[in-house]
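Read from first to last, the chains carry the letters A, B, C and D; within each, the first residue is number 1.
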Amino acid sequence: MATNRTLPFKDMGGCSISGVMDESGRRFSGEEIIRSIRNMHERSNGLGGGFAAYGIFPERADQYCMQLMFDTPEAKRETEALLDERCNVHYAEDIPTRPHEAITDEPLLHRYFVSVEPDKSRPHLDENDLMVELHMEINTTIQDAFVFSAGKNMGCFKGVGFPEDIGEYFRLEEYEAYTWIAHGRFPTNTTGWWGGAHPFSILDWAIVHNGEISSYGINKRYLRNFGYECTLQTDTEVIAYLFDLLIRKHGLPLEVACQAMAPPFWEDIERMPEREQAQAKAIRAVYGGALLNGPFAVVVGSTGRMIGFSDRTKLRPQVCARGGDRLYIASEEAAIRTICPDPDVVWHPDGGEPVVGELQAGVQVA
Amino acid sequence: MPNWLIEPDFVVERDPDRCIQCEVCVRQCANEAHEFDEELQEVFTDSTRCVGCHRCASLCPTDAISIRPAELEFRPNENWSAQAIRNIYKQSEQGGVLLTGMGNPEPLPIYWDRMLLNASQVTNPSIDPLREPMELLTHIGSKPQRLEFSGGETPQLETTLGPQLELHVPVMFSAMSYGSISYNASEALARAANEVGTYANTGEGGLHEDLRQYAGRMIVQVASGRFGVDVDYLNSGAAVEIKIGQGAKPGIGGHLPGEKVSADISATRMIPEGTDALSPAPHHDIYSIEDLRQLIYAIKEATRYRKPVGVKIAAVHHVAAIASGCVRAGADFVAIDGYRGGTGAAPTMIRNNVGIPIEFALAAVDSRLREEGIRQDAGLIVAGSFRCAADVVKAIALGADACYIGTAALVAMGCHVCQKCYTGRCNWGIATQDPYLTRRLNPNIATRRLVNLLESWAHEIQEIMGGMGINAIESLRGNRDHLRGVNLTDRELNVLGIQMAGE
Amino acid sequence: MKSKSKYLIIGNSVAAVAAVSGIRQIDESGEITLVSREPHHTYSRPLITYLLGGKVTEEQMAYRPADWYEKSNVNALLGTEITRVNPDEHTVETADGETLGYEKLLIATGGTPIVPGNVAGTDAAGVFTFTTWDDAKAIEAYIAEHGVESAVVVGGGLIGLKSVEALIELGIQTTVVELAETMLSASFDRTASELAQRRLAEEGVQVRTSTTTEEILAQEGRVVAAKLTDGETIPCGLVIFAIGVLPATEIVEGTDIEIDRGIVVDDRMRTSVEDVYAAGDVAQARELICGEKRCIAIFPNAFRQGDVAGRNMAGGDASFEGGLVMNSVTVVDVPTISVGVTEPLDDSYETMVQLDEDAYTYRKIVLHDGRIVGAVFVGDIERAGIITGLIREGLDVSNFRDMLISRDFGLIQLPTEYRRRVISGTGTRA
Amino acid sequence: MKRIIIHEEYCIGCGLCEVHCIVKHSRTGKIIRAFKEERDQIVPGVQVERDGYESFALQCRHCDDAVCIEACMTGAMHRDPETGAVLCDTDRCVGCWMCIMVCPAGAIQQGADGTVASKCDACTDEEIPVCVANCPNEALVLEDEE
């Protein structure tokens, strides 16, 4: 009887998100995050799952770990030719996987630890800019090749399947990271393909997202002004690019960046003290193209940091908890308690209010 | 010589069973189509004088009057249409340039009607604007690419934003001068803009002393005739708009005949009473883009950089490049007026044949400015026949910051689009200076109607946005994913930058 | 002393009624005693000729509703005649020998009809004056009793004309005898008078002008004819003396209260003696145009004076802006209105005239020093009040004087400021 | 009291106030019948004055110190205690025209049959007088007075 339990369709809408960060920098195995995301099995439908892990390649922390999927050997050869031309490949290997009965049609999965040399003809571009350019170039010009992460000392692992199966397939229990984020997918706007699973990543930014960005059309055009080409037919990648643009390129403080993406309502701005109000007005006026509209809850990973935030009316769930040195952010409280049965504090942040985990002062991860 | 080749446009029919001989129609027709025969004690109508403005029918207390097109049929001829033939009769009879008023009425495609909007279903909740915030607040002005913050515990904004127009509804009243429209109409536009929190535009006619109290919500225009322009005028408004062109008559100047230049208009325009007010076709100090830049900065200096200074251009073939040039010349906003834009008077041939549709102009300009990375540098206002809230939403989704409405505002005040503005005998008291007619427009009523219109449109815009699951207009602006085309060719879809319905 | 009222009013016609309402505007409760010689509830004196002519019923005679005294909280002593006023004691004496006290006194005793002393035979039955309800009833009864078929009305003024109207209604052949060259000479100019006379003649009314009655001829004590000074003898069953009224000042004669033609009052309607006011036909107050004090026995004047007196008696601050002679009377079916000065007094006056004798329409405006001082309207009286207003206002009409006489003349031709004030409805007095 | 305010600058001289006043005071209250059957029997209480481009519709101002009431010898002209309107009780009016003689606005007329005075009755049975309700340009408005 119990196994035949069915849920109304609408209750099943929405993805699952979980993120754990140890702010002391202590690294821990992927087993816990798999357990957490498994707890929310009903929130996904087997069309996509994925993870991002930070601090997993300490021995190559100064090199970009480019993880790619190829549908054809030709694509792999073409990509490798481009890589040889554009960067130094220090080490390459197949991404370790194990055969899994639930995982089929897997692409070729390979990773390259690379570094890029400054481009003397374009001195204004730093290595990150060049890396983004390379990432975009592969994804837009080489058919059947797809970069799914390209940051330092981090990596994404994703594919078509339930997230717990994907985790097992990628042998995540064998990695140790100080931040893990995970996503189980219930796709509604694109068909399931390996590249379309979450997280979406650029440099060391990785985003898992539950929701739909109604402002995608303008976010995409806004980002294009700054050289970001959205290639994935999915709204989540704009969040990754926006973080990269606002924080890395524009140098906005994290809270300002979050405010740009999920700003307070004008009626709330009207009630702010003068200086704060002027600032909030300026952010909205200037960064209107970065406003993320529609229901969403995201967890964003980056080096030394994990951020959770949701849309300004909080149309998608997000729960946070702390236990010891760890910050937990998940779609459901149960997903936290399954790995941290007795947290110190559990809370529900307001819409648009960022929750930030940061490595404690002095902690070096790479 | 009798004008025997000139045929009536309309037939006015009076139902004798309903007519009560009250003479209301007689008193209301400035064209003297109705006449009361004292001897017979009966009203008669001369249909040849009817312009189809409906004033008599609207006020007839018994609905005894109906007006229909004159059914004098020529032998069917797709090429030699009745209008074409009649135009030739008229010109051969009277000579001269065919004149007309209002916007282009020709059966050219209306692209707004070929674009459809999106709405949320299941995966993304639509939002009820009656329950949830639904933000329309729009800022128009030059914005920096990025903001600078100083570090520290709480970030401090270091960037100073340039002057911005702040619109509570992304719809403004387009330039209509005092002179082309009556004082009461000008007053109503100014008051309504204040009440709603948007802007009216003086047009090129200067700003009447009594309307300066509303100038905080008015854009003051500087046109080729420079009527009414002095430093106080420039500083009195919320923004300054340099008018280069107008959608209804790109490349053409204006002419307000001396008989309309009353004492009041002469004072407002700063020209002698009774003299013709001639607006040259070009600004004679702007023969190229660098001259425009000089004027923009001259005005910015005169207004101490406290007012946005924009440029209004007609949508012509190279509009994208021209708009880009205006932005690079320092314009804080660019207003583009499409080929359906209205006018008080224009040569018919110009109005009906010059310019391009605003939909394409807008799409091209927004895309071009984004390609050049200068879209942030200027606000983008579009004009040229916005008929309803959906048109506005589509324009914003294509990339506009706001729309100008002219004809729609006039219609709200009672205009029946009879296209006879240029005669100065507007029976609705709008496009006239005749004191017998101007009093027909009670500015209190007109203000109320304009406010109602804008508020209705605002509600409709909010409803549409709510349906899309968007609660801030900045997420609609330029969001062409929410538009789909129907009845459009690939090239048209391409220029518009939208997908086909079903894609 | 029987009682002492805060307000004592002698009289029961328009001035008295207006005084009561004037008092009540300011003092809602102060005791008011109203004393009237006639026994009737307050009635409209000008209606007595209509009553005789059968145009109104007795019920319609009431000037105010039946419960008016009660609602106005007035102690009305009807049928009580006052014989003497003692200002020093603040009392009055009644014919019954009673004494009534007052704090403020209003004398609104009206007028006494004139019967010339030099006409013989006026004591015959069938000879009447005509100023009260009782007169009307007496005349009616006499006509009925004696089957009167013809009458002579002595006096071609307003009362005379209205008496004639009533007699026409009753089918009595009437002759008017007027001493002056024309009828209505006091209020009309010659042209208007002639028009009126012509209209009356058409109705079979005989008019004798420049003559008067010398003797009333009687048989068996009843009138049978009137003999005129020009020798003519007019057989008649009835004679009505309608020569005019004199202010009814008898009760104050011998006191310190100043009497000229009537009781002299200032603009606040105060007599020369403290706490005593006078209003209506008995009072002699300032005239608007010439500024002299005159007795103007017309209805609106009496109302206004009564109202001013009442308000001031109650401690208010009201002022009489001056009386203006004006009359509205219908000659058979021709309405007429005359206001102020109807004939130029000297060369400095101008007149504007429009006349259509056949249609019985006549308009005349008399101007002096750029201002309208009088007007006559015959036949077409529409909007005559606008002219009356301009006379009252003393407005300089030089800029639009040519329009005044036009039939289309209206408020719209008047200076904006004046017309706005009139239109506002908040106050029209100068 | 409520008073009809005349904004003459907005009067368009159309005469609809007169038309609707006639209808209101007709036997049937139906516009076409009122005009076809009773047009000559009704003097509208509101009348439009016109001079060049200027015009305004004038009805009795229901003055605070109504001189017509003072001049009325029969007491027919009175102030309605409930509404404050100046009304003519035609049962008591004898057509002496004293009111016409004194009204400074010229707002009282002789009735159609010439026997009694005719004037605006302020449509006291209506929430808004018909001349106000049917004025297309709000040249006539009903305003509360302090």
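One rule holds in what follows: a contact is a pair of C-beta atoms (placed from the backbone, for glycine too) under 8 Å apart; a residue touches a chain by one contact, two chains touch by 3 or more.
Computed from a predicted model, the values in this text were never measured in an experiment.
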| item | value |
| --- | --- |
| Of C-D and B-D, whichever chain pair has more C-beta contact pairs | C-D |
| Centroid comparison with chain C (C-alpha atoms), farthest chain | A |
| Chain whose Cα centroid lies nearest the overall Cα centroid | B |
| Computed distance of Cα centres, chain D from chain A, in Å | 79 |
| Averaged-CA centre spacing for the pair chain D and chain C, given as whole angstrom | 28 |
| Geometric centre distance via CA averages, chain C-chain A, whole Å | 104 |
| Geometric centre distance via CA averages, chain D-chain B, whole Å | 43 |
| Of all residues in chain A, the ones touching two or more other chains | none |
| Touching pairs among all chains present in the structure | A-B, B-D, C-D |
| Contact set on chain D toward chain B in their complex | 7, 9-16, 18-20, 31-32, 35-36, 39, 52-53, 134, 136-139 |
| Chain B residues touching chain A - in the complex, by the definition given at the top | 120, 122-125, 127, 132-133, 135, 137, 139, 143-144, 146-149, 151, 155-157, 159, 161, 164, 370, 373, 375-376, 397, 468-472, 474-482 |
| Chain D to chain C touching residues, read off their complex | 3, 6, 8, 49-51, 54-56, 58, 61-65, 67, 70-71, 73-75, 91-92, 94-106, 108-110, 114 |
| Sites on chain B touched by chain D in the complex | 17-18, 20-24, 27-28, 59, 61-62, 429, 434-436, 439-442, 444-445 |
| Interfacial residue positions of chain C with respect to chain D in the complex | 14, 18, 44-47, 50, 55-56, 60, 62-64, 299-300, 303-304, 307, 326-330, 333, 335, 337, 339, 381-386, 388-389, 392-393, 410-413, 422-429 |
